[in-house]
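Per-chain numbering from 1; labels A, B, C, D and E assigned in written order.
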Amino acid sequence: MTNEELKVKLTELLPSVTFEEGGEWLNVVVEPAEWLAFAKQLKSDEALQFDFLFCLTCVDWKTHLTMVYHLRSTKLQHAVVVKAKLDRTKPEIETVSDTWRTAEFHEREVYEMFGVHFLHHPDLRLLILPAGWEGKNPMRKDFEDPVNMIKL
Amino acid sequence: MFIKDYIKDIASALKSLATGMKMTGYYFTHHKEIITEQYPDNRDTLVLAERFKGEVVMPHDDNNEHACTGCTSCELACPNGSIKIITKFDVDAETGKRKKAIDTWIYHLDLCTMCGLCVEACPTNAIKMAPTFEHSVFDRNKLVKKLNEDGSKVRAGVE
Amino acid sequence: MWSFSEIAKNIDLWLNGLVGSTWALVLEMVIAGVAVIGLFAALGLVLVIMERKVAAWIQIRLGPNRVGPKGMFQSMADTVKLLVKEGMTPDGADRLLFNVAPFIAMIVAMLLMAPIAFAKDFQLWDMNIGVLYITAVSSLSVIGILMAGWASNNKYSLLGAMRSGAQIVSYELSGGLAILAVVVLTGSISLTDIIKAQENGWWIFKGHIPVIVAFIIYIIAVTAETNRAPFDLAEAESELTAGFHTEYSGMKFALFFLAEYINVFIVCAIGATLFFGGWMPLHIGNWHAFNHIMDYIPSSVWFFGKTFFLIFLIMWFRWTFPRLRIDQLLNLEWKYLLPISMINLLLVTLIAILGWHF
Amino acid sequence: MYRETEIIKDAPQFGEPGFGDLVINVGPQHPATHGVLHLIITLNGETIKDIKPNLGYIHRSIEKMCESLTYRQFIYVTSRMDYLSAHINNHACALVVEKGLQVEVPERAQVIRVLFDELTRIASHELWWGAMAMDLGAFTPFFHSFRERETINVIMEETCGARLTMNYYVPGGVMWDLHPDFQKRVKEFLALYKKKIHEYDELVTGNIIFQNRMKGIGYISAEDVISYGCTGPVARGSGVHSDVRKVSPYSIYNKLDFDEVLETGGDSFARYVVRIKEMHQSIKIIEQLIDNIPEGDFQAKTKAVLKLPKGEYYQSVETARGELGVYIVSEGGTTPYRIKFRSPGFSNLSALNHMIKGGKIGDLIAAMGTLDLVIPDIDR
Amino acid sequence: MGAASLIVLIIAAVTFSTIAILIAKVVTESTKNKQKGEAIECGIPTKGPSWIQFNVGYYLFALIFLIFDVELVFLYPWAVAVKQTGWMALIEIVIFFFILFSGFLYAHKKGALKWV
């Protein structure tokens, strides 16, 4: 499907989505509360079949956080980028780890790096950082590392 | 035929094992195939590629002159801050103008990742990568080097 | 002609003349003990350097080449290194068993030396049940490993010990049945008789295909029994770091290491005795001239030559094959080697009864 | 009286859940993890009940570092991620910067890049082959594979000036022109490779022990591969069409004649075969290009200071381990605002538990070998 | 030298090992700290006891081995006497192996030889 067709289709699925310009793929912005249901539809819908979550990350915009999901269909070869704006002080979003299993690890990474809480995640623990890092989120823009080699 | 398959299995298994042993046996008896180098012994004959990025050096000519003007573009290009250039102001004897010049070119070999961006960035080709690799020392401070030699100055004609 | 038995006899005579017969016996015992310790140490040194060189040449590299000419004294340097390393005992370990285990491994390896004929008329104890003795004592080696693994209080060691327990006892069977093939042909379980029976040709040549099959089974079984790759599951470097001797360091580790190599030597010596005639030179039927020339080579050279050939074979296996998995290892024994060796034994019996062997 | 009995009392008794379970740490200092991966394994006898990976022992926060590096500098940090395919990582970064700047890369540079990418792929698979055989207990293949790999390293050293972290690609092309001996050396390598390739089959592939260790081990179905986000040989071993060079071709891959290797076994052996065949495909690509390197510039003219226009850029390439994606959010400055590396090893590792559960320790080692994990790639 | 050689060998083994360990003790410096005493588990402190009731899989083989090994011992006298006994020995051993083998097949069918 081309981006235009996707736009029509996605609006059909969820009327509240908005679209963002930029990038080669279609950027869809959804409300965090609607995300889980929308994700399930994205995967199961016959015309969409986004079965491959190839990138899951978060961007800290200083005022808010944005979850970014890159989805591709291995059968239909089209891709879409789904974004969800989160509150910076209490970021929470539903997990999609049972829809796309790869999200389990990626969400754990985002959890420790950005402090986003994934609701109903099966095993939300620190994956990369050592114990005792809870609460400090290194990838946020305001995080200062006391030992910074580069600044000498 | 259970028994037939059984024997066939054993025969093919033994054959596959024998093939492997034949190959290792070949190498056991053919010492000409040995490819290892005896490193400290072959130091004299060891040839490194001329592009090998071992460390940053600043070539000086016979008059103890180099081509570095102290423009700090290498310092800016370095991704991890392993170059530090301290500049001073030279007073030109003839015109009396104050001119920015290089004082010390400090190179942190311990931080360098040998990416070669500083050499790329240098407008006067004052620095280059040298094909050396035996950098190990007991004292980490020895890896912080001053590249411009004492009393050296900028080669005439380099701006 | 120069031979070990002559030397032994002369020493015996000289000692008997010098001191009384009782003291002579005691002194002889001391000499024997020292000689065996010397052999032990020498074998350890030689086998380690041999293994490293074989590995290196197979892996297209030079191997140790710094200590001594062509690196031949490398194993001495290794010994010194192991000697000056600190031997540690983990806090949680069962100290008694932990310290006793290397001794058990050494004693078992040492005891197996008794019936081996190193040269013509030169063996410590010419017992009439040599083969039975060997099968009996060699199965003790698993106790040392189990002890070490259990006492370490380390999970890797425990797994390694358990694996070797299942493995060694299993391969005991087909190894024993392979040995029986030669016993059936000879009609005796005395090693001296077995060697004597090979005067006009070694069993591997005389006994048709069944003996060759028995030899292959024997060599597979002993590779497994001595925990050598591809059956080194008790150590399994990439799985259990170092298996049952993970916690051992310094000299206690060295003793396990030494015992392993001595065990390899012994099983190869027994293999050489059973299938290749031990010290017996290569004799072919009644080619008297040829046999006579062969007799000029000292018997100890024959013995060590054959043994080291078999050791090389085992090393060759190690550096060629990947490791088996535990269930495959046991499958190999119980589904392939055991039934085959049982049928093979029947065939050997048939040959022995019909007198088809040469 | 006996300490053992006291301790055993604390352990779960017969009938209780967890009876006979051992919790074992494999890693961070373990011969089979090839680096500092830490797996917490629950074992019952030899059977694996659960695997919990614990990462971060070599985490350098490359993504955060890149936020303070310019677009010329950040490329070379990625050499240290998946150090075995350093060139391909650099390629991804160069491509994404070029996409943002809309620079046309000269054809010579593109050919040089593809040549080095494929050489890197062979070198990486070469090392994987040796290391995997070593995991299975055969030490010799490691040294044999290094013989061929060494030849590639010499080629790299001559042209790029380094053997592992080459730092050769720049936005707009490559840093220097090829070394004059390059073509000769590559042809020598091809000749050596053709002469020695049969040894791989003799020593490992055909070996009965090896086949038994690999076949049917670590099975993962095509659906699970997609769900777990596995890419590269892991996905292709289960028959999933996932080669980025074919799915969304970059550089000059759409003009080249090569096949995507697909196996349907889904087990360790299928992944093994995929990688072996991929080496042949890489050889095929190199053979096509080595005599047809076009003349011209090796670098496009770019500004001294690169500034990516505001927006989001994503580029994925096929490394030796799978799909590496570089996602850049630019605010228009000289440094990326946010950068994310979608590394293949991270997703592949997440499927490990699914693959191995119920297997034995030996299976874990075999399957981990065929996942070809490079820990800095997972940790970043 | 006879049976005395066994005692000599045992003494030799014990002396050799003891001397080696003693020399090592004398020439090495030993320091003790808490980490040194920990069990080696890839650098991570071990969790849970390692002395537990272990999976039965390993022991099953030991049990079956025990049966077979006893039979193996019975075979030794038979093997020595084969040549004198002649055909009777073969017939006898075929019967013996038949019984043993059916036992083996039974164990196999029951899954005792399958790894658990």
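Here are some notes:
As a working rule, a contact is a pair of C-beta atoms (placed from the backbone, for glycine too) under 8 Å apart; a residue touches a chain by one contact, two chains touch by 3 or more.
Being a predicted model, the structure only gives us computed values, none of them experimental.
Of all chains in the assembly, those touching chain A and also chain B are D.
The minimal number of chain-to-chain contact steps leading from chain A to chain C is 2. Using the contact threshold fixed earlier, the set of chains in contact with both chain D and chain E is C. By number of C-beta pairs in contact, C-E leads over the other of C-E and B-D.
Across the assembly, the mean Cα position most removed from that of chain A is the one of C. Per-chain CA centroids place chain A at a distance of 25 Å from chain D.
Centre to centre, using the average C-alpha position, chain B and chain C are separated by 51 Å. Averaging C-alpha coordinates per chain places the centre of chain C 44 Å away from that of chain D. Averaged C-alpha coordinates put the centre of chain B at 56 Å from the centre of chain E.
Counting partner chains per residue, chain C has residues 58-61, 155-156, 158, 163, 241, 319-321, 326-327 touching two or more of them. For chain B, residues touching at least two other chains, in rising order: 17, 20, 23-24, 35. Counting partners per residue, chain E has 41-42, 46, 50-51, 54-55, 57-58, 115 as the residues that reach two or more other chains. Of all residues in chain D, only 69, 72-74, 76-77, 80, 140, 147, 150, 154, 157-162, 165, 167, 170, 175-176, 179, 199, 202-204, 206-209, 211 touch chain B in the complex they form.
Residues 22-25, 27, 51-55, 57, 59-60, 68, 70, 74, 77, 81, 100-102, 104-106, 109, 127-130, 138-139, 150 of chain A touch chain D in their complex. Listing the residues of chain B that touch chain C in their complex gives 10, 17, 20-21, 23-25, 27-28, 31, 33-36, 38. Contact residues of chain E toward chain D in the complex are 41-44, 46-58, 115-116. Residues of chain D that touch chain C in their complex: 3-4, 22, 24, 30-32, 43, 46, 133-140, 142-144, 147, 203-204, 207, 209-210, 212-213, 360-363, 365.
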